[in-house]
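Per-chain numbering from 1; labels A, B, C and D assigned in written order.
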């Protein structure tokens, strides 16, 4: 089924990483696992950013590259504008709380994505529409436990295991995150189903200075069960100091944003 | 002379022979009509299955299990030409289909959007006849044909422009604004959770951002449906492993099973009918054997071997049955032929049932020679069984008792 | 006396009588069994669908749409349920919240209808608890339990105890997400139903979607006997003209047609068999007449009225048919009774059967009244069939008849 | 060599649990050219004797030789062929095949023997002339009188050119005139062609004209005119 492999958390991670430059590393003394994840997530909340990125979708027999600009306000609001390739240029995605709209210049219409489409792939990538909508799930839907410390690419990380709360609306049986101890960015995330089988793997690398802070700029989301299926997201620039409020994230804005 | 004897005996008791003939004739006619109707309905089911999917479907490898537009194939003129050279292939129906959101006003519903060649599509599915409002699609036209329930949900009328939005080829955005050319009605089984829409093939490629010549399926139409398996093998070998080639038996397993189960039921009923007719025949044969016991005794006494005597009797019964079968065929043929040409239209609620089974609302009669041959053979086998009873009685014939009538 | 002679005559030629009686017996067995099989299939489908899925009738908000929008709800539904429960003939009433949901696991997503059932009363209207192939029914002891079909579970690659996420559009139009735990897997005779339905508790679905307390989408009512459905439904309509009350016939026209046509088809087949049997009887009796030409002539010569000879032959036919008919009915009762008890396994076509909602294990059924009808039909056939031979006997001239040389 | 040579023949039935000795040690020789009547009251065993001699019935003990060939140990099929080629039968009830004409009834036997069609036609005509009903040759038995039918039966019996003709009560169903004519005809054939006739009869008219009379009672020969 083409709806399979919902990588709904992937983009959460993307956003977390993209936004976590706001972290106050001095405050990271506490090693309570829940606190680490919450802190990373809180960093995303209430922060506004503008970034440019490219996304490469890789499949065994083809690959495709896209460029985009995105604006965000916490995890509740964001706007993504596709800038390349030509066919997709100008397409806008707007997320407001639990709803998502798509604006397509070709048809000059904004369409609300219905529930039945939420698990569909986003722009043909290994992310789903849901990944863009339910971004704070990692904090609120799981019990987090630090289960170890590892060094990845020279960064000291906590290995944090997330077990879903009994009634949390998440499909994963277990999530394991590797979060840098001092910088609080995520370097790896692995998603398992209820039988303990690894389904998705997200890896972050190429930590670079963006705006005023260092963040991993290259994210790779792999579909472990389908070799050769992966999506690579490369952050090209970030401005962590833009001035937007929730009014910016409107259907009107979808039509005019460039 | 034995033949003469057999022949004259048949005519000796005309009324009895006539009744025997009538019994066989009735069995053959009823059996043929029943079977013809059954086969007719199977033909209709298969025809509707084949019309929608072709005798054979060619897809990209793995498409059937995972219907993604990314598993579509290139159906350029060379490929099509190559397929057309295969013996028995008479036509190809290219389709490019995937799911997209269809939106009008503030209503949005996912639907299967099928890109097809309007002319070829109509040739097989008579889609144009299903149009209840507006017009049918024209080749190269930018427009969409909506299923009536979908149009109702959206509140879209002919002439309105609806938005189609979805994932296109290789993850590209599939988006288009197309006018509703027509609204069609199609009786379908199952839920109406998803809608259905047709667009011309070119518009579908544009919508899904698929390259020219790209299709998700090629329905191969054959001159003779019976060659589907063989032709599929040829195509599979010819096209190689990047393609999957499936016959309608594989793509519509439930149709095959429905036909099988219904046919089994029909055969069961025919069995009963023939059993009843067989008993009638047996009664006649036994009577005639008993009546002529004395005659048999004499013939045996004057030197006719029992074996040959039994042969005569056997031939007699068989001759009668063959005549009965032939008469039955002669009577049935015009009836079946008439109904084959003029299928009985069903009325009222039955129309719905027929449509639910995706067949036209007619009681069709099949004119398959196989039915006639099979029925004839079945009756003959029954006759052979019945005709062997006199052989037993001849074997047990006691000459003296037979002659003296004791 | 006439009866006596007739009865003796039946046994004059045992073999012949045995043959025709067997024909009648086995023909009836076949016809009755086919009828019972068809009725079994149809009734199982109807009963199963009513018992598992539809109930006898349902009550909805008048604007309750085909796409099951949660906005249109019945308020104060528990009072309505109790009110309907008080009506005579009602054996079960329960309310449900019904919406459309996407159910996802880590490996897949399925579009389904989600029903939140009232645990206290659901057993009255649905026997789904008996259709479980794994696990347990929903219960208050479980947190967020969900039932899905084995088929859906396989699609989603989930097992018992797995967590799935359902997304539903709430009455206010928001998408809400809820986790559920699969506590049981069911399998009914209808694969379409199986693929399209999941069940949770009414409380869980209400709290997930923010449904108002005491509100529900529908009330399902079960009535016994089935043919009082209309009356009871009419009583509800009368008391609540503002509500939409629809019987299973309205809800499933296909089922209605199955109910209406299966019996007719069964009788039709029986009629065909009886026609064939009639021919056999005519044949046999004609033989009897010819065989006894001399004897009948003698009786006439002795002064026996033609009418009495006519009746004597009719009685003889009647006896013959009664012997066969009785044997056939006894056989049918035995065979139908036995298969009704153990069931007939038609698994070979189970996919095809389940696609159209038939149970692959068939329990043929018939009624005492039906057997009486069959007996009547046999007698009628016998009398009609005896008329021609009896009339032939009457045309004999006594003098010629006596001289006749067999 | 005698045409018929029955030696100490017994025939025992199992009737109602008690053995019935239908033929109780009969020895009988019939030479070629005889015209013999076997007589006796009903149940004396004459029909049984004829049936055994004609290969229609089995024997309990003893030997039967026809033209020097033992027939008592033959299989049913061998006996049938033997009857076809060596014995002619005339029955009380004529027993012609109703669907065949007089001529066809005669030719039927020849055809079974494998005689060519041309020869069959010639011989059947001769035979019909011999029995004096050539003009009825294309009429079916049902349309012939009893005497005529029996003539056809005699012709049929002779059609196979048998060693002898066995006739079981051939005149029982005939009136005096027909009986006389039939007997004349058979005597004529006996005289002219030396055809052997053996009758089972209690018809005095036949007995009167027989050359040899064998009387049976209780399954035994009680007198034999040839023995005198």
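In this text, a residue touches a chain if its C-beta (ideal position, glycine included) is under 8 Å from a C-beta of that chain, and two chains touch if they have at least 3 such contacts.
Since this is a predicted model, take the numbers as computed values, not measurements.
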Shortest chain-hopping distance from chain B out to chain C: 1
Chain D and chain B - chains in contact with each: none
Farthest chain (mean CA position) relative to chain D: A
Chain A-chain C separation of Cα centroids, rounded to whole Å: 56
Distance from chain D to chain C - Cα centre to Cα centre, in angstrom: 72
Whole-Å gap between the CA centroids of chain A and chain D: 117
Per-residue overlap in chain A, given as positions that touch at least 2 other chains: 1, 114, 116
Per-residue multi-chain contacts in chain D, two or more chains: none
Multi-chain contact residues (two or more partners), chain C: 100, 111
Which pairs of chains touch, using the document's own definition: A-B, A-C, B-C, B-D
Touch list for chain A against partner chain B, complex: 1-2, 57, 59, 62, 64, 82, 85, 87-88, 91, 102, 104, 106-109, 111-114, 116-117, 120-121, 123-125
Chain A-facing residues of chain C, complex: 100-102, 104-109, 111, 143-144, 155, 157-159, 162-169, 174-179
Touch list for chain B against partner chain C, complex: 13, 15-16, 19-20, 22-23, 26-27, 30, 34, 149, 153, 189-194, 253-261, 264-265, 268-269, 271-273, 275-277, 279-280, 282-284, 286-287, 290-291, 349-350, 352-353, 356
Residues of chain A that touch chain C when the two form their complex: 1, 3-6, 98-99, 114-116, 118-119, 134, 164, 166-173, 191-195, 199
Complex contact set, residues of chain B against chain A: 66-68, 70, 101, 103, 106, 108-110, 163-165, 167-168, 170-173, 175-177, 193, 209
